[in-house]
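Here come two complexes built around subunit A, the first alongside subunit B, the second alongside subunit C.
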Partner chain A sequence: MALKILNSGLSTSIQDLGRPGYFHIGIPIGGAMDRLALQSANMLVGNDAGAAGLEAVFMGPEIEFTQDASIAVTGADIPIKLDGELREAWKSFNVKAGQKLSFDFLKTGARIYIAISGGIDTPIALGSRSTYTIGALGGFEGRNLAAGDEVPIGNGRLVPEGRTVPEALRRMPESSAELRVLPGLYWHRITEQSGKNFFDDEWKVAPEADRMGYRFRGGRPLDFVDRNQPFGAGSDPSNIVDGCYSYGSIQVPGGTEPIILHRDAVSGGGYFTLGAIISADMDFVGQLQPHTSVRFRRVDMKEALSARKERKDILTKITEALA
Partner chain B sequence: MKTRYTFGGDEHIYVEMDEEMSLDAFFKSLSMSTEVRKANISGVTEICPANASFQVKFNPDVIHPDDMMKKLKELEHLAENAEKRLETRIVEIPVYYQDPWTHETVMRFRERHQDPSGTDLEYAASINGFDSVEAFIEAHHSQPWFVSMVGFVSGLPFLYQLVEKEKQLQVPKYLSPRTDTPKLTVGYGGCFSCIYSVRGAGGYQMFGITPMPIFDPEQKVSYLSDFMVFFKPGDIVKWNPIDRAEYDRIVNEVAAGTYVPKIANVSFDLNEFNEDIPKSNAKLMEALHGA
Partner chain C sequence: MANIQSPLPGTFYQKPSPEEAPYKSNGDSVNIGDTIGLVEVMKTFIEVKSDIRGTFSEYLAVDAAPIQAGDFLAELMA
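Entry: the complex of A and B
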């Protein structure tokens, strides 16, 4: 069983839930940017929630199936077509050998997830099938998919058509977004006024937004607290002695454009970070299109943990709904 | 040195041993990250040592962030008393300074640089008070370096030069990071040298390139067949300046699977180093020359 890639769209890669354990040598966890969407798609077709599926950015791929299978598409809102006929998102449907899956133009969100019964069965690299293109690791030969690729699929069995995730449990991206931030790390480097401005200002997603990081523009530049730069940090006030970066951490090189590090984050570097997006909101970041308006909202640890619990409860409810 | 603990979102704790870089801060951060590993705290998923700091990633569903913080703080005294001695290796890394590939990239990103009129090496030489680029290059490779962190991207080493603080070279990072850096570029930012293990974004000044791969996910490079990443924190490096002919020769040897990096086992003692730096470095170089 294989998927024949007829058209790879803009950027389509194989992703699962990533490879923890190698960040200390600069290899990030990676995996689906919107984890809940991938997990939902997998459960819809009877796979383990963490099986490998496809993540496609902004444009859907065109795929021919070489064997019958159950599939599901989740994540961003995009019209789904099987041999030209519309199919519903967040709902399982069956495909026959020779049928073609394609997509129309994306409506909202940024990333769609396609799960196939049996899951994608490319070789495991450091514990995961996730594609880490910067390190040419995992996925299909360490790269994004291209037309002509034949992607191997594991043994699965068909599930009933029409299995669905209740609408209330689908976390859908909006046209404007609020991202929750826990201040910390090098927060003390910016002035109190700049800290306030950061949360008051409206930001827009910049075109430089990918699996490694999301850049933002439009807010006021940040002012730094005066100091003599520590030895080894470099002379710019936004420089620090190179340290580790947290997933979701927000660096602001030169104090101008915030960058949220995402699943394919660099593991460390020499720019100060002012805190991090809370874990519950990381999936949302992966669904932001360039030019989307974003506000950052300050939260404390208590709120971060209760948001994390809410997200976990959604996953539990989806698991129960599809059991 | 004053230790600072802070949360990075709800899944990380970042511990800064010192704002400044020093080998003392590095040894303390390495010792403490080792103690955290040994403590085997339930919920810890990643431990990443860095130059003068380290980070722990944990699952807050397993352990409350405040409890995790408390446990880390309890381990600090163990790191303070740890032995400052490492059994390690010294490796010779060939460098082709002022090569055509990094030069092309240097020129392509001029508008992101502090001094758009010159090259990265001219700028670095000038702000460090050297009369010529050649003299600066000499200072860069004449004394050995210590790998104080591995990270950024796949197996990239950060290196700290084993010289007196007043002899340390310092340069700022680019004003805004580049979107491209050639694979195996030898870079410089703050007081750190680095080798870009793969092509990609970067903010360090670019000085040259090495023909010796340090990351190979396919593990086809002969000396990376056991593990895809070459460096680990605590490795010692000596840059060996080479010309284009030597560069091409090594590239061919790597491709043929016949290149063998020059490596010798050494021990490094921080107290001995602090007492007599020239003597400590001479001992390292002696070991390398005997390899």
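Entry: the complex of A and C
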């Protein structure tokens, strides 16, 4: 069983939940930018929540199936077509050998997830099938899919059509977003006024945003607290002596454009990070389109942890609904 | 009248580079597959190709404007 890629869209890659555990040697966690969407799609078709599926950004691919299968599409809002007929998102449906899946223009959100019963069965690299293109690791030959590729699928069983994630449990992309931030180790490097401005200003997603990082523009530049730059730090006040970056951390090179480090980010470097997007909001970040308005909201650890619990509860409820 | 739509969101450019003329201007003939503009997204410039044939009327999207997938970029006379 294989998927024939007829058209790969803009950037379509194989992703599962990533390969945590290698960030200290510079290999990012990788994996789906919107984990809950991938997990939902997998459970809809009877796969393990962490099975490998397809992540497509901004444009859907065109795919031909070589064998009957159950599939589901989740994430961004985009019209889904099977042999030209509309199908619903967040709902399982069956495809027959020879049928073609295609997509119309994206409406909201940025990334769709396609799960196929049996899951994608490419070789595992460092514990994951996720594609890390910069390192040419995992996925299909370490790269994004291209027209003509035949992607292997594991043995799966058909599931009943119409299995669905209850609407209240779907997290849909929105036209504007509020992202919650926990200030971090280097927060003291910016002035009190700059810290306030960062949270007051409206920011917009820059078109450069990708799997490595989401860049923002439109807010006021940051002012730094004066200091003699320590040995090993560069001369720019946004520089530090090299440190570790975390998933979700926000660096602001030159104090002008914040960048949220996402699944394929570098693991360390010499920019200060003012804090981190809380883990519960990282899936939302992966669904932001360029030019979307965003505000950052300051939270404390207690609120971050309670948001993490809420997110976990949603996953538990989806799991129960699809059991 | 027929419209060319953007296949993806990003920033639209009418010209191949800031110093050059727009890809098409009023009265130009447009064939299927002709490039009519660029969309910048994820550090990549993607050529927008016409999926229709006709005579170029005008750009409907401003140069360097933010656009969404499905937005009308240009109008052709069939």
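Everything that follows uses one rule, which is that the second predicted complex is superposed on the first by the 323 of 323 C-alpha atoms of A that agree within 3 Å, B and C clash if a C-alpha of one lies under 4 Å from a C-alpha of the other, contacts with A are read in each partner's own complex, and residues count from 1 in each chain.
Assume contacts are C-beta pairs under 8 Å (C-beta built on N, C-alpha and C of every residue); 3 or more make two chains touch, one makes a residue touch a chain.
Bear in mind that the values here come from a model prediction, so they are computed numbers and not experimental data.
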| item | value |
| --- | --- |
| Overlay on subunit A: subunit C relative to subunit B, clash or fit | fit |
| Contacts of A:266 with subunit B and subunit C, given as first, second, both or neither | first |
| First, second, both or neither for A:207, with subunit B first and subunit C second | second |
| Partner chain(s) touched by A:146 [first = subunit B, second = subunit C, both, neither] | neither |
| Touching partner for A:137 - first (subunit B), second (subunit C), both, neither | first |
| Touched partner set for A:253, first subunit B, second subunit C, both or neither | first |
| Minimum C-alpha separation between subunit B and subunit C after superposing on chain A, in Å | 8 |
| Residues of subunit A that lie at the interface with subunit B and also at the interface with subunit C | 208 |
| Subunit A-touching residues of subunit C, taken from the complex the two chains share | 5-11, 40-44, 46, 66, 68-70 |
| List of subunit B residues in touch with subunit A within their complex | 6-12, 14, 16, 18-22, 45-55, 57, 60-61, 64-66, 149-156, 158, 160, 165, 168, 170-173, 175-177, 179, 189-192, 197-198, 200-201, 203, 215, 217-218, 229, 232 |
| Residues of subunit A touching subunit C in the complex | 10-11, 57-59, 105-107, 110, 207-210, 289-291 |
| Complex contacts: residues of subunit A adjacent to subunit B | 20-21, 23-27, 125, 134-137, 142, 182, 184-185, 187, 208, 212, 230-236, 239-249, 253-254, 266-271, 273, 275-279, 301, 304-305, 308, 312 |
